[in-house]
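Attaching a single structure in structure tokens format; questions to follow.
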């Protein structure tokens, strides 16, 4: 009969009207600034740079300025300048580090490819989505001081992934240590062999002591950064 | 208008007593003027506030129908963090509308463009003059109140046409034409759905019609017209026609957002836009008030033991109920096309309203039947309503209906 | 479906004057294609659409490809007689030859009726100038309508016989064809000073970044 | 351009209706209206130059390009991987399908294989995307039909639940960037799978409620049945694909025809319409969603364990051998194809998207002629376009 479809429709909306008062499956609205729905662990917004030590972020960046992310970034929003000198990285190997690491977040589309291709687990995706600025040309261009976040922060936003990364890095560090030890042992053996012939040269480990924490050996960040780029004054 | 306040509870008499008291302060030659001014101010105040809260109620109700919260943030500006369930939202909206820039298109007819919102509000306010808001509470007692109501009510569509034409916008022009087509189509069924009431009551005066619906059958069934077959059916026709007349969904063709952007309102902004908005709600309220008066017993209480509640409260309650239904329908239904709209009016509603007129005549003639004949009376009356409805409905549907579909598996 | 060679042979038998070449696709997809000469292309397309065994009633994709002029370096070993009378010296002689570029349009055809495909056909223009024409296949497959307009817009191939050949994506007053490999973006492309695109330079000039407010 | 070159307007220059004199004195004047690019119902910045006789359309020309960003050129200057996030932005309502289409073409180009688990995950996500897309389409269609957002918001409520799942899996609600060449990026946790399975099981009840609300509504039937008919012969010739084609009764669904992915392992049916009008196109979406639910339930039952990436696939320094490939799949909107031509460099030499949204608009004018403005909006809504894909 004419009108039955209309009545059915009215019944459905009435059901939803009542349901909106008691049924959470129907009422899905969240009052945003006061209530927040939980972000999933995989959520990504903009990139961040992981550093080991919150006290000395510039000294302990994991980034080795390999520039892979710069190349792979689809909108080309990353800009990196390599350092001239080297300093030990997380695994203790002497590595370059970025003197400039800038990401233009007004261009960044948050695709996460930089984090995916980073072989050093240095660039990761942040979860801060309330990014606002009054000037889109300068305030959204983040430099490395603004990008650097300690590992503990990374753990707090992506616990599972960060644990995996830490395990991987620990394994790498262990391997490097063992390799260094083996090299040291070999060198020592060689030295000992040499010493039997020529007891003059003392044994020298081939690289910086791997057991030393990276932060302690790194030079102060302000000191090594070129003057024109140093923001902290 | 009957000046003497009848006996009744104090609350029932309060508005009239108050008015008479204030009128007494004026010198005698000015009392008639004071009398009318007070009435006008009272209507403006009551229905102005009512309009404000209707907008917020509509938004909240629609929100809940759509599983949203609706506006719930606007509180008092000087109390930080106050929310008041968003009840002050309309006042914030009013401030916004007042402070917005008023843009008039360069090519527009400036005078008509300005006049249209003024006229649309004026016409829609005029209809309030003949609504009996309570026992003896009617602004102007007219013998031909219904005719006056329709005359004033349909004039609003002319103002809409004016707005559409004066804007010099193609969408507005289309909207104006639609508004005219709509008013021509729906004036007729609207009036024809009202004629049975006039026929049965024997008066065009709205207060008489409201009075005639007093009393109860068996002590519990009110004598409201909606509880008779012809009245129920007439009420349905009236509802549909009123929706169309007040340009509400599913008949909001002049304003059709998805087709004509905002129709005749496309080139309006700021307070002029707000005036159109106001007029729409005034028209809706007035038509609902008329529906309440004609079919839902006016200000009559539904049960005898509830009569201690003042009559104007009953009127308001019924009014709110009807507006609630309009909002509900808006939240559910989709829009007709203009040709379907006119076809619905001419091929379905006009014939049905005419049949219903005959039905009412039958009902009036057989008022003396009693005993088993009473059942015959009801049966014949219902058949007169349902039969044509189904037949015409089938014709209107034109073989449309749900379909079955075939499937391929490879 | 018959193989592409069979189709080619059938076409050659049916259209004796036409030149139809098989273009092989070296990739793992191995979707080879037929290169049609422009003058017979529409007739061949009609045949492909209406032939009972093929019924390629659906042209899924039409696209253009730009092959710019290429310098080909050819090395030839030339025996130079030794003036001293010794044995001939073999000298490698390098000649550079300019291989003229061309624009190409590629159509992927399928059959909805027989559910096979794709048959890829392609056509090449003579050169890369601004008024290079190819026959339009829109009269054969209406689905080429917008796609050929797009090719015209982005590559500048003018399709003869297209019912409504206008630019599709760029505005009508636009001059160049942006998908050509040698397209140079105009400098005043965006009047607004935006960091997009030139971000690398900007990063240099804008570093040091402003103070971060605590 | 239409609308500018005609007789001087009697109403002045700015916003006056451009009225063109027609020779026939009994025919009245025609009104040229530019619907769009700012119009509530053109689903973005689409524009139709419409010529009206009263309210009846006598001419309609679609105008594109307001969202053109030359995606193909960008992709030709980016590595293969770098184009993946851009494909999200083509059909931003169904990015998982678009990702897959691109991955499919690259896999065909480079000869990569996809592990079983990834194949199942792709089907799960593509079908969830189909639900998202169709539920959005239906909601928007009702909005075009003039409801006050109610069906749209019910639809968005359910869509929200699905894109919450996408967010939990891929990190982004709409710009998923999830598929990779030779597999998928993230392996879902068992909790995610359980939540998705629960959602899918509840989906038919939502559809039932949704359908009881408006499918049988008399106004809905009057507005959609017989409106915008498309006959199969023209539809095939115009390359129209997807639900729009199947509403005209042509049984052509790439999930069955090409059998890409693991679709041949799945048991599902293809709904077909007989009238090819707007109502059929609407019902195709509803029925396809019901079939998608079946596919999803089967996929959740059969999902195998194992790796999700082809070990041969390389993330960095990906250079396919020279060659070309055309990969296509049944996106929710129709046949989405990617044509790739590699010259052995890290960037594609030619990268082409075959956008179903654009090509499905080929017959828009024919479908709208003789109908009113109100119908044109509905017909456009029933075709289901996303301007990100139309304009690229």
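What to note about this one:
Going by the order they are written in, the chains are A, B, C and D; count residues from 1 in each one.
Operating definition for what follows: a residue touches a chain if its C-beta (ideal position, glycine included) is under 8 Å from a C-beta of that chain, and two chains touch if they have at least 3 such contacts.
These numbers were taken from a predicted model, which means no experiment stands behind them.
Two chain pairs, C-D and B-D, are compared here, and B-D has more C-beta pairs in contact (counted per touch definition above). Relative to the centroid of all protein Cα atoms, the closest per-chain Cα centroid is that of D.
A separation of 42 Å divides the Cα centre of chain B from that of chain D. Between the Cα centres of chain C and chain D there is a gap of 27 Å.
Averaging Cα coordinates per chain places chain A and chain B 63 Å apart. The residues of chain B that reach two or more other chains are 65-68, 331-333, 397, listed in rising order.
The multi-chain contact residues of chain D, meaning those touching 2 or more other chains, are 150, 154, 157, 213-214, 216-221. Multi-chain contact residues, meaning those touching two or more other chains, occur in chain A at positions 2-3, 6, 9, 12-13, 16, 26, 28. Across the complex, chain D meets chain A through its residues 78-79, 81-86, 88, 150, 154, 157, 160-161, 164, 167-172, 175, 177, 185-186, 209, 212-214, 216-221, 315-316. Listing the residues of chain D that touch chain B in their complex gives 11-17, 31-33, 39-41, 52, 55, 142-150, 153-154, 157, 213-223, 225-226, 251, 253, 256, 269-275, 279-280, 283, 287, 372-375, 377. Of all residues in chain A, those touching chain B in their complex are 1-3, 6, 9-10, 12-14, 16-17, 19-21, 26-29, 31. The touching residues of chain D, when paired with chain C in their complex, are 1, 64-65, 68, 70, 72-73, 108-111, 234, 236-240, 250, 252, 257, 320-326, 328, 335, 337, 339, 341-342, 349-350, 352, 354, 358-359, 361-363, 391-392.
Residues 62, 65-68, 105-108, 167-171, 173-174, 249-250, 252, 256-261, 267, 330-340, 397, 400-403, 405-410 of chain B are the ones that touch chain D when the two sit in their complex.
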